[in-house]
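Two complexes follow with chain A in common, the first pairing it with chain B and the second with chain C.
For the complex of A and B:
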């Protein structure tokens, strides 16, 4: 491998029934910049079992996760999809991460567009975050919307389990939940919208190592996604 | 336009860049837009984490005029203020937010009253062209507009999506004090499908229904490439829509 290449390991979650398209590169005018050097895609079930490593042409610009995942026999309702990428740094001139388009087929909810979590940049001076990025937060509106909230967590470490704490703040009250993720596992941590008569203000995630993490809002009645967003680090 | 050339032209014209934090806003019948202002990311930053924090937000309408100036205060680094923005006839634009020792990303939310979607703003800049430079840009821009072109000072690329029950549109924001002619071309699989030249007033915005440029064809979710060129600094947010398109619930999302 050339030493001029940069690396990006990112991850998202695919749920059955979604239109979910990941932009593997940043769109550019020059065709020469629209090709990754290499791309390994891996699909994991919640227990960390490797379900598939489907071959994907690194020259592809946009990847349809639905077409990719729903072909896997016995695939569960939600899987973690990891993208292990080597690329020419001109493809991601700023902070390297991919974007994705997401919509549940048949849902009346609007389509969402989001930044895919860059879990490990591979090359520290290229990931744009040189301070601690495993202590993060996210704020919520306080009105009583018909939504339920959660944090989706995925562990991309190879050998070590990751311990994490999810704090939820309700006015002056705070609840916490500790979770332990074995390598390649993932789980959804529910965050109640109310506690002790107070609405959810914000959530915090503290982890030993960087996790793939998304704040999730779902329509209470149907589970359709209306929020799928990254958290914000305390240490920019 | 290449970066060094752009920087040179900027110097010659005397363009000043003012650091500015901004968020897009959008209102429609039945859709409200609310900001979440806070400074929680300063919680562990000595020198920045002691309140109160005074915050000013200026809401610009699609025509660039100020809709309203909001003044509020955060008592400490963990307090939040929800700021409901005024709806207008055009129903889109951007809000600039400023405050001393504010180092947090603010949220913008869209709600139909049942649920809400959210994204965050951008800390960038607004370009101020002196009077002489504004004349140059206007004259050159007017000439190029006769043939459907613009001064390609800045360019952006963005994938667009359309399926039977969802699609993405563009909210374009002119972050400068000159009229910004933005040429948008949409293509797919190596073919040009449509193009338009929009003129955004200073500090103005435009919600672009992308399906008017390229109708969806085929099965599944169709991906198109949009290329945008403008004569001054601009940015865009994606507007996500469901089966009711722009008449239904919507989402906003920042781009790279």
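For the complex of A and C:
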């Protein structure tokens, strides 16, 4: 087994007013060291401007994004937070799995739990898996539970822009929108909840290169999140 | 095809492919010697695909240096 370090670049989005805790190390093996070798956190505005690189102890298990982001002067309402990690595969045989807790402060909506998107390095070469990570789908429940839907997209490239298509399916009907993301930029693509009298039943994301992507559902009046989840690499 | 100027320094130590641990320096060396891909880096850009755009961008840059 190699002792060289492996790498993971994961990302999520923080919105002002949310309690948002990211579990950087989801491992409870007491025999292991449960420690990342290094962790660089970077915060980007929607135009891709680097706002901050706050130092974070790589041995820390849970990171409070609200405390971290809201200290940044002039921070916009939504930012992309990237976690650039080096880790020892002897401690994390696949990769460090990172999960998060999300809840708007004061909201009556239930808290959300999700897996943080592993954007670069999510499929380490040593595990021998080949899959198409850049074609992703999300299936919605039949009964509506959110009033506004969208897809949050973030580009973690350094040099290359990424073109992507977001498809929304309504029964036999389909709408699409093409977007282009420059390096380190992010945007929210609105997806109508209804089209032609049919409910939204799934969205698909097709991109040349893998993006940070989440499906979002909100209450119309307040914007409170009631859905925040990554897409899946399966198709219906 | 023209290649735009790099928006960020192409430092050799930068990790390009997180799945295979390919650095920009390794890619530069492979392009210069005409030996792409290096041994053990055959899957670069093909697994999570998140780096593929950057990989192609850098290959074009380095190939244009080798073959002006």
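A few remarks follow.
In the analysis below, the second predicted complex is superposed on the first by the 209 of 236 C-alpha atoms of A that agree within 3 Å, B and C clash if a C-alpha of one lies under 4 Å from a C-alpha of the other, contacts with A are read in each partner's own complex, and residues count from 1 in each chain.
The working rule: a residue touches a chain if its C-beta (ideal position, glycine included) is under 8 Å from a C-beta of that chain, and two chains touch if they have at least 3 such contacts.
It should be emphasised that the depicted structure is a prediction, and the values quoted were computed from it without experimental measurement.
Between chain B and chain C, B contacts the larger number of chain A residues.
In the superposition on chain A, A:209 makes contact with chain C only, not with chain B. Applying the stated contact rule after C-alpha superposition, one finds that A:26 touches chain B and leaves chain C untouched. Of the two partner chains placed by superposition, only chain C is touched by A:183; chain B is not.
Judged by the touch definition given at the top, the superposed model places A:50 against neither chain B nor chain C.
In the superposition on chain A, contact is made by A:6 with chain C only, not with chain B. After overlaying the two complexes on the shared chain, residue contacts for A:162 are found with chain C alone; chain B is out of touch. Of the two partner chains placed by the overlay, only chain C lies in contact with A:118; chain B stays clear of it. No residue of chain A is contacted both by chain B in one complex and by chain C in the other. The part of chain A that touches chain B in the complex is made up of residues 19, 21, 23, 26-29, 61-62, 64, 94, 97, 99, 101, 103, 105-115, 137, 139, 141-143, 145-147, 169, 201-202, 217, 219, 226-227, 229, 232-236. Those residues of chain B that touch chain A in the complex are listed here as 34, 36, 38, 40-41, 43-44, 78, 80, 82, 103-105, 107, 109, 111, 114-120, 155, 157-159, 161, 163, 165-168, 220-221, 223, 225, 227, 238, 240-244, 248-251, 253-256.
Those residues of chain C that touch chain A in the shared complex are 6-8, 14-15, 17-21, 43, 46-54, 56-58. Interface of chain A with chain C (complex): residues 4-9, 118-125, 129-130, 132-134, 156-162, 183, 208-211.
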